[in-house]
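Once you scroll down, you'll see the structures, which are given as C-alpha cells.
In the two complexes that follow, chain A is the common piece, with chain B as its partner first and chain C second.
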Partner chain A sequence: MANVLHIVVCAGIVPDPLQTLEPVTGPAGPGLKNEMVLPAVLDPWAASALYEAAALAAKNPGSKLWLVSLGPKAKLQQVMMTVAQKIAFELVPIDGPIGGFPDAHSTAAVLAETIAALPGLDKAKLLLFGGWESATRGAGVTLQLVGERLGIIDQFQGVDQIDLRDDGSFEVLERVEGGKHQVSVCAGTPAVLGWATGNLAEPRNNPQTGMANMRTIMPALQKAKPTTLAPNGLRYVSVALPKQQRTTRVVKDLTPDEIAAELVEWIGAE
Partner chain B sequence: MSVETTPADSPAPEFERQTMEVDIACAGFGPAMGGFLTTLTREWSEHPEDPAFESKVAPGMPLQVLCYERADDIAAGVSGVVTRAQGIRSSFPHLNPAEIPMAVEVKRERVLYLLDPIGASRRSLTLRAADAVLHTAGRLFGLKDHAFELPWTPAFLHKHGGLVLSIGQFNQWVGSQLMATGLVQIWPGTPVSAPIFSEATSKDDPAEEAVLGLRLADQGVDRTGAPAGGFMAGMDVRALLTVVGDGPVGAVGQAIDKRLGLPPGHAHREWALGMKMVIELPPIESDQDSTLEPGTVWHTFGYPEPEIFGFLYVHPERLVSVGIFVPSWMGDPLRTAYRYLQHYIQHPALWRYLKDGTLRSWGAKSLEESGKRGEPFLAGDGFARIGEGSGSTNMLTGSGVDEAWTTGTQLAEAVVELLRAGKPFTRKNLSATYEARRRASWVERGAREAENARNGFHGGPRGSSMVKGMIGMALAGLTGGRFSFQAHIPPPHKQIALRAPSFSRSLRKGWDTSSQTAEGLQLKQAVDLAIADGRPLHDALLTARGWPEIPFDGRLLVTQQDALLIGGKVQAIPGFADHVVFLNKQLCIACVEKTCIAMCSGQALTLGDGGVPAFEREKCVHCGACLWNCAQSPDGEHSNIDFRAGSGGLHSAEN
Partner chain C sequence: MGTVALSETKTMLTLPGDAVRQIQWRFADRFDLQMLVQSARGVARGTVARLVAAGERNTHEWTPAKSEMLEAFDRAGLTAVFMEPEEGGFITGPKNLALALAAFELAWVDGGAATASLAGFLALSPIHERGTQEQITHYKTLAAPPQPGEDRKPWRGAFVLTEPIPYVGVDTGMLNGKMRVAEWKDGEEPWLQVDKRGRFITNIAFANFVTAAVNSDDPRIKGSCFVILEETDEGIFDHGTPTKKLVHQLSSTGDPIFNLKVPASRIVGGYTVKDGVIVPNFNHGEVIEAVFRRTRVPVGVMTAAKLLSAVEPVIRYQRERFRGAEGTKPGTVRYEQGIQQREDALHRLVDVWAAGEAATSLGFAAARLFDTLDPLEKQKSAILKDRGIQGGRAEMKALKESEQRAIELLSNPDAPRRAELEADPLVDFVLKDAEANVICPATKLWNTGHGANMMREAVSLMGGYGITEDCPGFLANKWMDAQLEATYEGPEAVQRRQLTVTMTSEVFLAQFRAWTIAMRRIASDRPGTGACTLASAMQLWLWTLNYLQKATDPGGNKLYHGQRQGVTFALADALCWLLASRCQILDVLELEARGADDPVAAEGLAGTVQFLSDLCHTQAAQAAGEVSRICGELVFGYNQHPAWADEAHKGCFLASELEEYEETMPGITAFAVDVLAADGAHPPKAGPCAGCAGASEFLRLQNKLTTCLSGSRLAKDRAAETVSKVMIPEALDYPA
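Up next, the complex of A and B:
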C-alpha cells in the first residue's frame, strides 16, 4: 500500500568544485573570489537527497516534493536549468546570500520558517531531506537545526537507503564506522534524513521535465523575496581549501601484482 | 518531416519522440547567441505589453524562446580573446570591464617575431638566413630574448580601446543577465543532434530548405547510438524560427550545409586550431626587471614553427592567456598542438614571465578561417545562421567574437521587426531584414576586406609562405582588401600533405626504417622511441626532429592528460553516443598520416586495432580538430570523419 508523503528537500547551491576556488576575506567575512560568477551546482549530498526523494515520491502516488533552496535567485535559476531537467519538483526559492559561511542557526531559522509556511504541507506526512555534509563546508548541522525548529524528533544522518513499509514505518540505513550501516526502524513520519550518497544514479536530463518544471520555477523565482541572515556574532578565524594531494610517479615495467601491493601499502599508511 | 543525419555504420533507428512547440529554438550559446538573446530580451523588457512578444504557438503565453547548449555550463566557453569590442560596447555602452572577471581594457600591444632558440623549427633556408642576420646584428635590431619586436604595426591589427576577455567568464556574465530577465531559457548540457527539415517532394522543391526546429540528442544509448539502459529518445523541438549559432563544427550548422550546400564558390577549407593555457604568473620578485601590465597584448609569429602564430593576453589578478594557432595550411601531417604549445611557452621571450607560473586552465577549439569564403546561406525558411559558423570571423584583423556578437544583435533586430510586422520567418523575410542588416554593416565590410587577405599563406615552401602570407595580409589590410595575392586553396585533406616535409615523405615511402639517410635514421629513432615509451608516434617524431623533451614540473609543464584534468576539467556525461565517427574505415586503415591523432587536443584519438583510430569520448574537448585534420576524403572535399553532437567537454570557466 502506498503512503502519501510530503517530502521537503533542503538543498543549497555551491561553487562547482571542479573550478579553481580561491578563498578571500572581504569586509563581509570569508568567501570565494568571484563567487557570483563561478559556475554553481546543487550541493552534491543534497542532490543525492533530491534524487532519492523523487524516487520515493514516484513509488508513493499522491506524494508531493518540494525543493527549498537558499541562494541568490539569479544563481538559483542557472542551477535549476540543469536540475529541473532531471526530476519533477516544486521549487521554493529563498533569495539570500551565496556561499557556505553564513551562520548555520540563522540559515536554519529561515529554512524552517519557510517550510512551516508551505501551503498544503501536512507536517504529519513530512520527510525532511537534505545533505549529510556540504561541499561548501563540512559543519553538517543546518539540516538538524531545521528539524529541531520544526519539532521533528526522529533524525537520521549519513543515510544511504530508506525502505518504506505499508504501515507507514520505514527502515533506514545510516553509515557508521568501518564501511558498515546501522539499521534503524522508525515508526513513521515526520522524520529528518540527512543523506550521504544514496544508491541512485543521477537522473538523465529530460528537456520535457525541464519545461514542465519551469512553468512553476520561473514564477517562483520571480516572487522570491530577498532574505538577510543574522550574523549572530559568528567570526571565522581562518579559512583554507583542502590541499590537493597528488603524488604522481612514472614507473615502468611494474607487474600488476607489484602495483596492487604498493596500493595496499599506500592505503594502509593513510 | 525528416532529420538530417550523416551516414554511419547503420541507419539511425526511428523512435517515437516527445515533441514540443516553441516560437524560437536556438542551438548553441556563445557570443553570437549572447548578442541575439541580449538584444531580443532588451527590446522585449522595454516593451513588455507589445503584442509582438506574445507566443504564436501557445496563445496567451509570452514568446517561447529556448536555447540549447552542449557544454554542461554556459561558462564552459573556450577562448581568451582580445577584441575591439565595437559590437559588444554598442550593446553595453556603459560596460565596466571590472564587472566581468578576467576582463580588462587593452593597454599595450606588441607584435613579436620569435626566432628559434633551439634549432628544431622547420625553417626554410631563406628564413634561416634572415634569422642569422637578426642574430648577428641583434643589438642593432633590438633583438632580446630571441624575439624581435616589430617597430610598427598596421592599424588594422590594433585593438586599441578594446577588451581582453575570458569567453567563459563573458558568457557567464551575459547568461546571468539573460536568465535574470526570466524571458528566455538557456538549457546547458543539452546537445542538439540535428535540425528538423520539412519533407521535400523533389530536389527543386523550395520546401526542402525549410527548417522546422531542432532534434535533441538521444540519451541512454551505447557508443554506436543504439538504445541501452535508460534510453530516452531526443525530443523534437519544433519552432517557427531556428537560430543556428552552434559554431564552426556544430552538428546543426553542418547538417544544414550538407543539405543545402554552400553558396557558389564557397567552401570550408581554411581552419586553425587555437590551443591555450590560462596561467597564473608567479609572484613578482624584487629583482625582476619588468612585469606584465593587465591589458598587455602580444601577437607573435615565427615560433615554434613558421606557420604557427601565438598570443599572450594579460588579464587582471596576474593571470595570462597564452596560446597558439596551428593552421590547416601547415603542410605537415605531424602537427601536434599540445607539444608545440609547451615549446611555445618556453620561448625565452615568454618564459621570462611564465617560468614558475601555475596552470589554471587549458582549452582548445577549431577556428573557421575561411571567413567570407566559408559563409553559408545565412537564412532560409525557418532558420538563420549567426556567429562563427556563419562565416563572420575576420581573418585579417584576427577578430571573431565581436563580429559573432554583432551578427546575433542584427538577427535579433530583424526578428523584432518581423514579429512587429506579423510576418513569418521565411527566407525572403529574413533576407530582407537580417541579411540586409548584415550586408550593410561593418561586419560585412571587414569580411570583404579580409576575403583574400590570407591567400599568401597558401603555396610555396614553408617559411617563405609565411613571409608571403604576412606581405599578403599587409597588402590587403592597407588597401582595404583591394589588392591581394591570388591562390587556389585546396580542401583541408590535401593541405595536410601539400608541402609534406621530409618525415611525411619517409612515412609515405612505406615506413622504410632501414633507410640509411638522415631522415630514415630519424624516423627509425622515432619509431623505436614510440615503441619503447608507448608514446604516440607524432610525439616521438618531434623529439627525433630535435625538439627537446618537455621538462615536466607538475605545475605548468604537465602532460597532455594532466592539462585535460587540471586545466580543462574535462567531463563527459554518460549515456551519449560517440560523436566522432570514422565513415569509411578502409580509408582510415590505408591512411599513413593519421593527422587526426596527432592533432587531437585531448588525446581522445589513439591508434586503434587494425589501423582505424580509437575514440575515447571521455577525453574529447569537442574542439573539432579531427574534422579538418583528416588526410582522407570520401568525396574529394569533405573529411572522412563525422563530427556529431556530443555531450560534455571542457568544464573550466576560466577559458
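Up next, the complex of A and C:
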C-alpha cells in the first residue's frame, strides 16, 4: 500500500568541482575567488537525496516533492537548467548569499522557517532530505539544525537506503565505520534523512520534464525574496583548501597480489 | 587569515560563462534553449567525449558504441529538438537557434557527433519545409524519441541529394536518381519505381528512411522532386559501403543504392495530375533551397565552437608547459606563466579567440535571423496568396514593390511614410530575406574556411602535443574535421557563388549602407570596439564593389561578372570578414547593455566587456587588413602596368627637364620618381609607377582605413594580458 509522503529536499549549490577554488577575503568575509561567476552544480550529496526523494515519491502516488535551495537566485536559475530536466519537483528558492561560509545556525533558521511555511505541507507526512553534509563544503550540521527547529527528532545521517513499509514505518541504512551500514527501523514520518550517495544513478536529462518544471520554477525564482543571514558573531581565523597529496612512486613489474597487499596495508594504516 | 585580499579589477575574471553567453547570443530569456544547451553539453562532454577518447573515431564502420551516441541524443532530448511539442518535441516555434546551439555544444567536443545529430534533421527538413501536413506529422512522429511508457525505436533518416562519382564526367547540377511510373490503375494512386545511387550520404548506415532527390525518367512524370523511401519498401534498400573518411568518424557516411517501388504519395509536398501527367508540387530545387538555406548555418556554428573550445586547453598547456621540469620551481615566472611569458604565444591565442568569437556571433546571428524570418515567410506567402499570387517567379515579381519600399525605409530615415513602411510585413520580409540570403552563405563560407585556418593555428599553439591523439580538447581532430565542414552542404565555391549574386541585391546594399552608418555611431560611443575601423573597411568594400561593377579590364571585359570569379569570389570573401566582425561587435554591445541586469553576468562585467571589446578591435583590424588587401588587388590588379617602352613613359621627366625646373621649383627633383636620362636609360624597375586615374577616392579611403587601425594593437596587447591572467578551471571537463 502506498503512503502519501511530503518530501522536502534541502540542497545548496556549489562551484563545479573542476573549477579552480581559491580562498580569498572579500568585504563580507572569506569566500572563493570569483565564486559568483564560476559554474555551479547542485551539491552532489544533496543531489543524491533529491534523486532518492523523486524515486520514493514516484513509488508512492499522491506524494509531493519540494526542493528548497538557498543561494543567489540567478545562480539557482542556471543550476535548474540541468536539475529541472531530471525529475519533477517544486522549487522553493531562497534568494540568499553564495558561499560556504555563512553561519549554519542562521542558514538553518531561514530554511526551517521557509519549510514550515510551505503551503500544503503536512508535517506529519514530512521526510526532510538533504546531504548528510555538503559534499564540497559546509559545517555538516545544517540539516540536523533544520530538523531540530522543525521539531523532528528522528534523524538519520549518512543514509544510503530507505525502504518504506506498508504500515508507514521504514527501514534506513546509515553508513558506519568499516564500510558497513547500521540498520534502523523508524515508526514513521516525520524524519530527517541526511543522504550519502544512495544507490540510484543520476537520472538522465529529459527536456520535457524540464519544460514542465520550468512553468513553476521561473515564477518561483522571480518571486524569491532576498534573504540575509545573520553572522551571529561567526569569525574565521583561517581558511585554506585541503592540501593536495600526491606521493606517487613509479614501480614496475609488481604482481597483482603484491599491489593488492600493499593497498590493504595502506588502507589499514589509514 | 590564510587568504589574499581581493582588489578592484577590470580584468576579465574567468572564461565567459553561460550567463554571459546567453546575453550575447540572445537566449537569456529562453529557458527552453538554456536547458537544451545543458542537455547537449552533458551528452557532448560525457558520451561523445568518452567515445572519442576510447578511439571510436579510428573506424569507418558504424559500431554499437557509436549507436549508443544516438540513444544518448534521444534520451537527452536532442533528437526531439526539431519536433513540435505535439510531435514529441519540447520547443515551440522556429528552431534555427535551437539547432545551432545544439550543434555548438556537440561540436565543442566532436564535429562528427554534431553532424550525426544534424543529419537526422536534414533528412526531415525536406518534409518539414515542403511536405504535406500528413507527411510532416507521420515522419516527425516516427522520428521523435519514445515518450515515457512507449516501447519503440525512433526512426532515423538520411538526406540523399546527389553526389556523382568523381571523374566520370557527371555535372554536379545533375541528379543521378530516376523515377518512372511502375503501376497506375484507373482511379488509384500511381506507384513509382525509384532508382537512385547516393554518395557520401550521412546517417545512411542506420537510416530507416531517406528523402531522395530524383528526376523523372518517364513522360508521365514532370520534372524532378524529392521522394521518401523506406527500408521496408518493395525492392532494394542497400545502405552501401562506409566512406573512408579521415574525419567526422562519429557520423555515418556511405554510398547507398535504392531500387524501390513506392506510392506517389511519397513525393514530398504531394503532386497533382494534369493531363495524365504527375506534376510534383515542388521540384527538387525548390526543396533544396528551403532546406539548405537553414541547415548550412549550424555547420558554420560547429567550426566556430571548435575555435572557442580550443582556448581553455591552450591556456592550460601554455601555463603548465614547464612545470615538472628540473629547475622550474613553483613561484618562478617560468613555472607560473610557462609559455605565456612570451608575447607571441599570447597574441596568437588572441587571434584564435577573436576569430572564434566573430564566427560564433555571425553564426548565431544567422540562426536568429532565420527564426525571425520563418514566420514572416509564412505571413508573406499568405498575403500574396490572398492576392492571388503563388509560385516562385510570381512572388518575386510581386515583391519588387516591397523591395523599393524597403529601400525607401532604409535610405530615408525621416521618410514621412516611415511608420507605414515599418509596419508592412512584406517590407520586413524582403529586408530580412535579403540579409538571410547573404548571412547564411557567409556563415558557412567564412566560419568553416577561415575557421579551419585558425584551428591549424590553435593546433600549432600546443606544439607537437597538438598533433597527437593525447592533445586535450582533441584539437587535431577538430582541425581536420573543419575541412569537411567547409565542404559539405555545399563547398566553398557554392557559397561564394551564392554571395556574388545576393550581395549585390539593392535591398542588401541599402542595409549595408545603414549598417556602416550605425557602426560609425557605435564608434562614437564605444571607440574601443574597432567599430570605426570596421566602418571604414565597409566603406572601402562598397566603393570597390561599385567600381568593379562598372570597370573593365584592358581587354574591355567587365570585371564584375558571373564568370569572373577572380573578382566576384574575392569580393565575397572580403564581405564575410566584415559581417563577422560586425556581429561580434553587436554581441558585445548587447552584453554591455544587458549584463548588469543579470547578477551573474554583472560580476566582473566591466572586465569581461573590456576584454571582449579588445577582441572585437583585434578582429576588426584583421578584417580591415583583409578587405584592404583584397580590394586593393582588385581595383589595381586589372590595370596594365605601364612599361618603359609604351606611351606611358612620355609622362616621365627627362633628367634635363628636371634640372631646368629645379631652378624655378627648388626641391622638385626629390619628388620625381620616374626620370629618364638623355640616352633613354631609366630606373631599374618594371616601368613607370602606375597612376591612380579613377581610383584616387579608393586611395583616400584606403589611406583612411590604414590610419583607422590606430589602437588595434594596443587592444591586442590588453587582450593578451588578460589571457595571461584569466582564471581557468583546474581541468578540462571532458576526457582526452
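Assume the second predicted complex is superposed on the first by the 268 of 270 C-alpha atoms of A that agree within 3 Å, B and C clash if a C-alpha of one lies under 4 Å from a C-alpha of the other, contacts with A are read in each partner's own complex, and residues count from 1 in each chain.
To be clear about the criterion, contacts are C-beta pairs under 8 Å (C-beta built on N, C-alpha and C of every residue); 3 or more make two chains touch, one makes a residue touch a chain.
This one's a predicted model, so the numbers in the text were calculated from it and none came from an experiment.
In the three-chain model built by superposing on chain A, chain B clashes with chain C.
In the superposed pair of complexes, A:Gln222 makes contact with chain B only, with no contact to chain C.
When the two complexes are overlaid on their common chain A, residue A:Ala74 makes contact with chain B and with chain C alike. Residue contacts after overlaying the shared chain place A:Val239 against chain C, while chain B stays out of touching range. Contact with chain C, but none with chain B, is seen for A:Pro23 once the two complexes are overlaid on the shared chain.
When both complexes are aligned on chain A by C-alpha atoms, chain A residues 16, 18-20, 34, 36-39, 74-75, 78, 81-82, 85, 204-208, 210-211, 214, 218 touch chain B in the first and chain C in the second. Residues 16, 18-20, 34, 36-39, 74-75, 77-78, 81-82, 85, 204-208, 210-211, 214, 218, 221-222, 246, 248 of chain A are the ones touching chain B in the complex. If you check the complex, the residues on chain A that touch chain C are 16, 18-20, 22-26, 30, 33-34, 36-39, 72-75, 78, 81-82, 84-85, 204-208, 210-211, 214, 218, 236-240.
Interface residues of chain B, counted against chain A in their complex, comprise 18, 20, 68, 72-76, 100-101, 169, 172-173, 175-176, 179-180, 182, 185-190, 216, 219-220, 230, 232, 235, 237, 360-361, 554, 569, 571, 575, 651-654. Listed in rising order, the residues of chain C touching chain A in the complex are 1-6, 13-14, 17-19, 31-32, 34-39, 42, 75-77, 80, 90, 147, 598-600, 603-604, 727-733.
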